[in-house]
Amino acid sequence: ADPGVTDTEIKIGDVNIMTGPASFIGRAVAIGSKIAAAEINEAGGVNGRKITIITEDDGYVPARSFQALTKLIEVDEIFALNGTSGTANVLAMMPLIEENNLPTIVSTAPNELVYDPVRPSVFTLGGSYSNAFYAQLKYIHENAEPENPVYGLIRQDDDFGLAIEHGYDRAIKEFGVKDGARVAFKKGTSNFSAEVVQFRSAGVNVLANGGIISGAANILSEARKLGMDMQSAQVWSEDMPLSVNLAAEAGYDYYVADYVALTGPANDAFMEKAKKYVSDEEIAAINRYTYVTYASLMAMAEAMKGCGQDLTRECTIENLRKMENFDVGGIVAPLSFNNEKQLSGTALAVYQIDAKTKTFTQKTDFIDY
Amino acid sequence: MSFLHLEGVTKKFGGLTAVSNINLTVERGQIYSLIGPNGAGKTTLFNLISSVLPVSSGSITFDGRDITRLPTHAMAGLGMARTFQNLAVFKHETVVNNILTGLHSQLKTDPLSAAVFWGRARKEELWARERAEEIIDFLEIEDLRNLPVGTLSYGQQKRVELGRALAVNPRLLLLDEMVSGMNQEEREDIGRFVLDLKEELGMTVLMVEHDMGIVMDISDRVCVMHHGARIAEGTPAEVSENPDVIEAYLGGGSRAA
Amino acid sequence: MDFFLLLLSTGLVIGASYGLIAMGFALVYKATGVVNFAHGELVMLTAYVAFTLSNTFDLSFIPLMLITIPIAMLIGLTLERVFIRPMLGEPVFSIVMVTIGLAVMLRGITIMIWGPDPHNLTAGVTTDVIMIGNLPFYAAQLMSIAALAICMTAAWAFLRFSRIGIAMRAVAAHETAALLVGISVKRIHAMAWALSSALAAIAGVLFAMNFKLAPDLWFQGLKSFPAVILGGLDSILGSALAGIVIGIIENMSQGYIGQGLREISGFIVIVIVLMVRPYGLFGDKEIERV
Amino acid sequence: MRTGHFQETTGQLIALTDNRVVISWTAALLIALVLAPLLVGNYVLTLMVTVLIAVVGAVGLNVLTGTTGLISLGQAGFLAVGAYGNAVLLTDYGWPVWLSLPAGGLVAAAISLLVGIPSLRLKGLYLAITTLAFAFIVSHVILYAEPITHGPNGIFVNGAKIFGFNVQKGAPLYYLALGVTVLVVLMVLNIQRTRIGRAWLAIRDHDIAARAMGIDLTRYKLLAFVISSFIVGVAGGLVSLQIRFINIDVFALILSIEALAIIILGGLGSVAGAILGAVFLTLLPEGIRLFFNLILEPGSSFYTTYVYEIRGVAYGAVIVAFLRFKPDGLIGLWRDQKKFWSNWPLAY
Amino acid sequence: MLELRNLQVLYDRAIEAVRDVSLSVPDGAMVALLGSNGAGKSTILKAISGVLSQEDGEIVAGSVQFEGESLAGASASDIVRRGIIQVPEGRALFAPLTVEENLLMGGFTRTRAQTRDGIERIYSLFSRVKERRHQIAGYLSGGEQQMVAIGRALMSDPKVLMLDEPSLGLAPQIIDDIFTAVVELNRSSGVTVLLVEQNAQLALEITSQGFIIENGRIVLDGPSDKLRANADVQEFYLGISKGERKSMRDVKHYKRRKRWLS
């Protein structure tokens, strides 16, 4: 059999951001895998084999991601990879993944750079950043557009920001609306006053807000100070409670588009289940990254199950490639990897927050864009 | 043509004129002393001659060549070396390395041959080592050879500095208070040695000293500075008789030797 | 015009924050000759301490600071005592390295205690918009500017009227000589660390109030380097002023040129300034005299 | 008992070492290094490559900072330039790797003049921060010079072959890195024992005296910049070969600080120190990880929440503790041992 | 009042700079410490001042007693406060500070008013220093710096003044002034003086007792006038042979010449 599989065990690797300011992602991911593994193992495992997760920290540094994956492959002999840190980090691991034909589901970096060109063993879960912004702008355009709309974009000056700009471009072209201002900023910026002043003088009233967490919140806060009346489309990280706490204060009922279900019975059910398997401290750290990783491990397990006792990487990849409308308890849009890009489906739902109550309402169904 | 010639050399630091309009001529093979009260501008004049500081006005010629505007590092190549009043050794380096550094301008190794360290670079290095060992031997600091200079006593460091200046193989040697911090025996040694440099190697020595013993004993000529200006010049005997000099510098019935 | 004034006013706000952080750097440098690479981490740590205090006791701003500052000073003293003092007399490089190690530790410890999630810190200060002329401000933004002004005045008075200021320079200039005239080098170092931590606390709390509290707050330390350098590493007042200058330049360059220039404009400015003045605008020149 | 030894000829004085013990240990080490791919697994080999690259980078930085006393926080910038130089020439222009790798170094060396010339008058930390500024600016330029660098998209680096061997992984990469390391170390050791190395040291200790000895500061400072960044650039090229994908995140500023940490911890100014420091600091996280895996059960909730950060804290703590007890770095430890054993059993 | 017993000092735990030195400086006396370069004189002073640790040195045996109490464990600033001050060799001024600030720091252990008086006293002692009062100390000439260094030490109004080669770099006249001042200080205020000096002639003239140290050991000691009469001392420290001062041109015992010039 392939490495990582014994009669009783399947080892799955996870390289993630376990240290530093972005470690809320890695922690949430680790919890997602843990819940999924516990659930699968409790139900008898994958054809009798228990899943073991081995997590390595990369501190968000691509060179360390490479090192960590080398260790997982060579020392721990993992069978598959589920949990892949940020975009640059996945890309740094890509050559190793390809070389080892390592079944991999990328769940936290659905970036074009990851799935285009498509790598045979790599599957990407999620709608893209670009579609997420397109979806929100489309919703705003159709349902909530202010008079004399002027659009504006603020994005990080990296691969992630670029993806957002693609979605924004598409929207601007398609709707034929006025493109007031585009601004790029460096990762780690906290002072956005100049940018927001630029938006104000351009008269922007629909903002594609590519800031994340405190960045996004600071942008809104500056806008509020300048008395700007606007709609804001934001990155899906802004639907996490930790971001909402920061951003809601500015009082904007902003939008997000996500492939994760933020509200509804599916969520409640998931939380119930989670309480069975993880500690309170871990429960507190749960966010959307927990859902997606849970979902991707479930999908991986499903694919492995299909191989029966003779579990190989090749077979797992085959099965993943055939996966269609795999439902993960409704917490994410159903997964289909049976497309050219091996992208789980581009379906996204648009949500809007009520800044006062800090709750989201779902504005659209999971739709493909 | 005189060996070293200063014409109207002046140095100002902001409002302070540290050296004012100095004319001075040193002939080849002389031991020439520069004396004067503290703050008279002697060290500053040394700094001007060795091009460590740019002159404010005036000109300096050395061996027939105008060196007024040459960069500091050109001096060693022209055959001028100096010591410093306040110790300017390479503290973290060993005694050998300090002395080897004095040989810098006589070596030619370029980065490429240095990297390979073969052929010329190697030969040169062998030569340099031999030369350095000679100097170490002479200064009787063999047992300090591999110690970092920073850990040596004050007097030992002065000696290393002298060794480093000698390594330059200078025709003009500038000594700024060489014997301060040495005892009488050592002073005598240095005095004797300076004489030998002159007599046997034909070296020209320009020195700043407060030790009248050595100045009067070995100098051929003496120049006295006060407030940046030259107040007297002549043979030791002439100068020590000069009432201005006695007034400004020597003082009556000095206790100092 | 409006555009310009808005950029200027917000430049002042971020500039004040740079200035406050830079003052802390300069203070330690002035007394010890060491750039404290853990200063940004101290800014972050003290802000988190204030966050916990403010949540636990529901304090308003002034009382919060009255408690936070002494705690910060205590932290500073402890760090000095445990990590820096044993290094007395060692090469400056090694001490700088210790502060780097310390920085790594503080970053980890902060996340271990408070977790990676970012927070709001309001410290009971209103979040209403205040108009000055026709320029809008948040109260916390005005407070930053005021805090910088107060700290600068205090520092000026301290340096002007006490011999300690001179003693600090003396210690940095020649440690052994300072010992030989009876200056307790240890005490001066401890004091510098304590005061610099107090500044860190003020800077940290105000930064967190204006720009959120997150475990990447330490990065503001690096971002304040241009201010420290522009002012001159050992000039406490100079670096405070330079903070303002850098803040304004950053905002202007972003507002008028864009291209993500803001984050590097400060660095471009110091490269240019240093070419003309190698010791910053107000720094002590190294004495080169032979 | 060896009670110190005496050199008889000047030839011995200029040799890198005249100590038989050192020679035989170095030889043994080299043999072990050459045989390593036969003896160790792939992961260890990867680690060793990382260590070798760190050694090259540290030896390079040491030329500038340790030897010449010009403190640089621009390491990340030079690494990036070297890596991009290699990556672009190799991947986009199809140069063979044995050309593109040194060419990347040359690009870094050329760029270093851009930093070096304006910083000639700067001292100490002023220079340090200026080089930090340089690193910031480099990363900005790389991000925006999209036509050449692919900007935010980064570059996949592949196709590096020497004699038909793919030198981007496994033993071939290891041998390439080892070869480069040995060359670089020898080259720097050689330069350091000639007038050039002494000129650098002189500049570090006392630049006025250095000038009076005939050393042209401009020339030698720039030379230090050029040689150092060439080496660092080559290290960057090796990084790009090893991880096969680069973007600006790979060259985070923290690298500059880590690089400085390596040479300080190793012992400033000494090549051996830089090597020891690089080995130590690169393997330290690995050691800490193993340690915690021994004492803790992976997978516990404590583990997921705290252990990774604790490892980071331990990393910092080891550095601090180490300096506390050995402020002159690993090389100091080494010297102490040597002193102790050559004087043993007489105390002094 | 100041007494060293069997002092042994090591640098870097390896270099023995002072071995088994015992000497005592009686209250109100002036004592000279002579010896050639590297003999260990400065090391002894550093040991008394408690600043050896700055250079990785330590006292490994023996003790330093001051007014009957051991100074072991006392910090450098304590020692200054107890009244022992040192003028270090090589001046060690605070280079970036002005002359006046340097003096001010000399009075760090004293009150403001005392400091003010002290500064005036120094200015009257060294007019040159007064002229330069607002200049950056690092830019002074060597001799001017030496004056500031001595002035700075005097600022603390010490009981014991330790001078490490005070005449270094000073013009003859100033040396005179300084030694006169020191003698005066000793006479009028009873300041005890421990003088390290290369100018043995001068040192032995003003002191009552002398110690000669070589290679870290005291090789000769006794009343100063006795030492002056000693033939070896005359030969090596005073430059006198057969009863009269010889000119350097006549010095022949120049041993290394052959090797160097051949």
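To keep things simple, chains are lettered A, B, C, D and E as they appear, and every chain counts its residues starting from 1.
Heads up, the rule we're going with is that a residue touches a chain if its C-beta (ideal position, glycine included) is under 8 Å from a C-beta of that chain, and two chains touch if they have at least 3 such contacts.
Note that the coordinates shown come from a computational prediction; the quantities given were computed from them, not determined experimentally.
**Q** Can you name the chains that touch chain A as well as chain C?
**A** Intersection of chain A and chain C contact lists gives D.
**Q** If I rank B-E and C-E by number of C-beta contact pairs, which comes first?
**A** Top pair by contacting C-beta pairs is B-E.
**Q** At what distance in angstrom does the C-alpha mean of chain B lie from that of chain A?
**A** 73
**Q** Per the centroid of Cα atoms for each chain, what is the distance between chain B and chain C, given in Å?
**A** It comes to 47 Å between the two C-alpha centres.
**Q** Could you please state the distance in Å, as a whole number, between where the Cα atoms of chain A are centred and where those of chain E are centred?
**A** Spacing between the chain centres: roughly 74 Å.
**Q** Specify, in ascending order, the residues of chain D that touch 2 or more different other chains.
**A** 140, 143-144, 208-209, 309, 312
**Q** Would you give the residues of chain E that are in contact with at least 2 other chains, written as numbers and ranges?
**A** 15, 55, 139
**Q** By the touch rule stated above, which residues of chain A touch at least two different other chains?
**A** 19, 23, 27, 157, 186, 285
**Q** Name, in rising order, each residue of chain E that touches chain C in their complex.
**A** Residues 49-51, 53-56, 75-77, 80-81, 85-86, 88, 92-97, 101-102, 104-106, 108-109, 136, 138-139, 152-153, 155-156.
**Q** Residue numbers of chain C touching chain B in their complex, please.
**A** Residues in contact with chain B: 289-290.
**Q** Taking the complex as given, what residues does chain C use to touch chain A?
**A** 2-3, 6-7, 10-11, 13-14, 107-108, 111, 115-120, 127, 129, 136-138, 211-212, 214-216, 219-220, 250-252, 254-255, 258-260, 262-263
**Q** For the complex, give me every residue of chain B touching chain D.
**A** Those residues of chain B that touch chain D are 50, 52, 71-77, 81-82, 84, 88-93, 97, 100-105, 107, 109, 111, 114-117, 121-122, 124-126, 128-130, 133, 164, 168.
**Q** Flag every residue of chain A that touches chain D in the complex, lowest number first.
**A** So the residues of chain A touching chain D come out as 18-19, 23, 26-27, 30-31, 34, 53-55, 57, 59-63, 66-67, 70-71, 73-75, 86, 88, 91-92, 94-95, 99, 113, 157-159, 161-162, 186, 278-279, 281-282, 285.
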